[in-house]
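In the two complexes that follow, subunit A is the common piece, with subunit B as its partner first and subunit C second.
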Partner chain A sequence: MSKRHLIESAFFDSFDELNEMLPAEKHLSKDSSTIVAGESSHLDSLMLLNLMIAVEEKLKNRISLEFSFVEFIANSKEPEISVEMLAEHLVNNGDQRA
Partner chain B sequence: MDLISAHWERRNLNLETGELSFQSSDTIEDLSPGLFENYDYLVAKVPNGSVQLVHDLESRGFRFIEAQFEISVDLSQPTLISGAVESLMAKISCYPLNTEAQVKSLSNRITAEMFAVDRVSIDPELGLELGAQRYRNWISDEFKSGKAFIYELRLGQTAIGFFVLRQLDEKILFATLAGLYSEYKNKGLGLSIVFKPIQWAKENGYTRIKTRNSSNNSESFKIHLSCGYRLENVSYLLRWKRGERNKISEGALKCPNVI
Partner chain C sequence: MSSLPKRIAVISDSNADVLVNYLQNLPSAPKLEVKSSPFGQAMQILMDSEHVFWKEKYDYAVVLTQPACITETLNKAELKHEFNQQILRREVGSFAQSLIKLRERVKAVFVPNWVIPSWKYNATVGDFKKGGPQYIISMMNCFLVEEIDPVEGCYILSTNRLVENSTGPAFNPKLWFVAKQIFSHSTFKNMAIEVKSAILGIEGQSRKLIILDLDDTLWGGTVGDDGASNLRLGGHDPVGEAFVEFQRGLKRLKETGVLLAISSKNEESIALEAIQNHPEMILKLNEFASWQINWDDKARNVEKILKDLNLGAQSAVFIDNSPIERERVQKEFPEMLVPQWPKDETHYPQALSELKCFDKPVLTAEDLGRTAMMIQEKERNLLKSSVGSGDDWLGSLGIKCVVEELNPSNLNRVVQLFNKTNQMNLTTRRLSAEELMAWASQKDNKVFTIRVADKFGDYGLTGIVGVSKIGTDTLIQDYILSCRVMGRKVEEAMLNIVYEVSKEYGSRRIIAKYQRTDKNAPCYRFFQGSGFFENPNDATFSWDIAGQYPSPKQIELNWEK
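Here is the complex of A and B:
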């Protein structure tokens, strides 16, 4: 399984956990184009925080990758952040901290 | 009914402003017609449930603008925030703004988008820019009062937002203002402007923080509740403005009940 696939799996498994708490119309689609932060995201501030924690934990436990989701998002100049953008960043930056 | 002449709003809004505070026993008869001659802008605070008074005020030209939730958090109670969230919040630090230059620099970062759901910002008669200017002046006034603690929130070296706490007495604070700078909105950082003041207050020996939350800002309300705030009281806020154009939307005119 490629590193990208493992990273996306960490997101999509976290989506499953969050979708249990979200109304059907706000469910996160397990698609790499899903926007997780920004104006068009389905997540409010608290849910985004929960996603950050869930993803960071999975990346650490599954592939020993330490990543600060909150610092990446805060420092990004992009108005919207997708799973694909995060995965791209993590693949290209190896095991470095974000 | 109490009336306060809100002289500070002359500078903020360029309007002679009065703030009316009704009790549940008050009626519309307590509203002196002379008020409408002395003021350009009146804000009426009506107790929860006084619907007749709301309707009577509307018939005098007042417009409903928000419900206001008075909330407070008991700092002696255990935190509702999980350890994982606390660890994440630990990455954000509080930096005191103690000089006029620092506070001026904070004011300069207040943009129209930051408080877009504030009652002044959403009022079609006033708008976003007046709302922002009002906040800039408010921060400056808090600093000059000598009773406020003003902190900037920083993630690493990056300033992401701020909060202002005012000391009510030795043990109780009032959370006057807080906000994320525009570029850090919608990035999951909203909790920090509620959680970090709580953490700071606990560390400094305070036992309670009080604040108010607008019904127009449900996102903020949810965050406050998640941090342990409890609802204490609800009021309705209406406002009257001299010379307001009687704007009724086209859809409303099609409604058979609208004359």
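Here is the complex of A and C:
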């Protein structure tokens, strides 16, 4: 499995966990285009934090990748951030801490 | 249980929004409406009964606090190495009193015990020394248990277990520093499952029956092929030990009133012989309330077991190592709980302990003796098939009913019956213990309980009538009978009780207003055949007191004053 797939699967597994606490209409779709941060995201800031921490923990355990999504998103200038964008960033920037 | 969502207050001194979300959105029953305390106001809300938070009514409450909000002892011990046990006891005692007071507002209060987040202190061998953080936390939890354990309706949730069973780390310092959230979402999910399960138990909706397969489920191996002596059960074998532990878990559940049954594709004589004679079997044959051991379709056998025990699929759990059989039974009985079962047998005991559907915070005598009662019922049915008419059969049972007014000793069982009886239930009024006591203590209201026994054994407290004197009428507010004794003429005996009370009231008429639900048609049919006059326009039944309503001759009715 490629690194991109591993990163995306960490997101999608975390989506499964998060969806159990979200009402059905706000469920996150297991699609790389799903927006996790920004105006069209279904997540409020607390849910986003919980998602990012769940993904961080999975990446650390599964591929020993340490990355702070929380800081990355806080510092991002993009109006909306998708799974694809985050995976792309990680693939291109390797294990660098944000 | 009423289909209306239960209202639950989450009072927390940290961010518990994730718990709130799980309580609201996990698909499992019961449906909950949740309100959480505003940030930073948990203690004010607990201490101030006039707080605006209490303008709304709640059925249940969860109180989640951190040790530092209850006592300064932990900080003092850490920074100044000061520790005073008396002060600690007083501070925990004061917090416990606020929980006991809160209990008066709601049916039950759930309090996760205190733990220290793993990132907070360097774990050292001194943690459990006197004055060490773990020592203090353990002491606080013990003080809390001592204070609230005697109070019915105050329950401590084992945070340690919730933490242990988390799928990822239970704590993350980032969650705390960014959002003041003490646990990870996984731990909060476990907490929500535990709270929901406890509420189901309190509402009388916990599961009552486990239907088990035998081969590779209750023991390792195939008894028909391998023979009883070669089964993996006990001995110096990790898998065999796991099956023994699994059976121990089932036995513990059985002792809390959960019925066990067998549905197995096997030769019945071979399987029964193994159950009776295998030296390592923990479960004995008389601990199974019913079994279907044959080569028929499992779903049909499950159906026979449910019929035999007079239970619905929503009361049952089906455990089978075969995914094909699980799928078959689940498809046939969507309301039945059919858990995914681990392939690794050593995980069976854990899988059983993770089934959060048997929680019963209060155990009644009826719960404890349920299996014995079911076996007695089978003996009754055997007699029925050997005796001529229904009346002769009832007469041969020697049925005795004891009537007693509602009192603290029968309250728990009465509330349980009130909240779970559907079929023989005139109005399906659901009440908590407090609501029922309050209603019964009003002038002109009375609640009578009926205990039923026959020559085979004791059915326990199975009937309730609640009556009100309204002018010259006696209104039957509640007419509730467990399906265990339906059709034994206890129904008529209960109307005789109402008749006798009505005479004491000086009433002229007895009125029963039937409130239709999806499940109480049997009650309507009984009243139609009861001799009461029916006003078909509003499903109201009446009886003129001038005429006696006799007690059935097959029943001996005794009043306990």
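Here are some notes:
Heads up, the rule we're going with is that the second predicted complex is superposed on the first by the 98 of 98 C-alpha atoms of A that agree within 3 Å, B and C clash if a C-alpha of one lies under 4 Å from a C-alpha of the other, contacts with A are read in each partner's own complex, and residues count from 1 in each chain.
What we mean here is this: contacts are C-beta pairs under 8 Å (C-beta built on N, C-alpha and C of every residue); 3 or more make two chains touch, one makes a residue touch a chain.
If you're wondering where the values come from, they're calculated on a predicted model, not measured in any experiment.
With the C-alpha superposition on subunit A as described, subunit C and subunit B clash in the combined arrangement. When the two structures are aligned on the shared chain, A:L49 is found in touch with subunit B and with subunit C. Look at A:E57: by the touch rule set out above, it reaches both subunit B and subunit C. When the two structures are aligned on the shared chain, A:G38 is found in touch with subunit B, with no touch to subunit C. With both complexes superposed, B is the one of subunit B and subunit C in contact with more subunit A residues.
Within the superposed three-chain model, A:L22 lies in touch with subunit C and out of touch with subunit B [touch as defined at top]. With both structures placed on the common chain, the touch criterion links A:L65 to neither subunit B nor subunit C.
The contact surfaces that subunit B and subunit C form on subunit A in the two complexes overlap at residues 46, 49, 53, 57, 70. Residues of subunit C that touch subunit A in their complex: 15, 17-18, 21-22, 24-26, 167-169, 172, 174-175, 178-179, 181, 184-186, 188-189. Residues of subunit B that touch subunit A in their complex: 82, 84-85, 88, 91, 155-156, 158, 160, 184, 186-191, 219, 222-223, 226.
Within the complex, the subunit A residues that touch subunit C are 17-18, 20-23, 46-47, 49-50, 53-54, 57-58, 70. Residues of subunit A that touch subunit B in their complex: 37-39, 41, 43-46, 48-49, 51-53, 57, 68, 70-71, 73-75.
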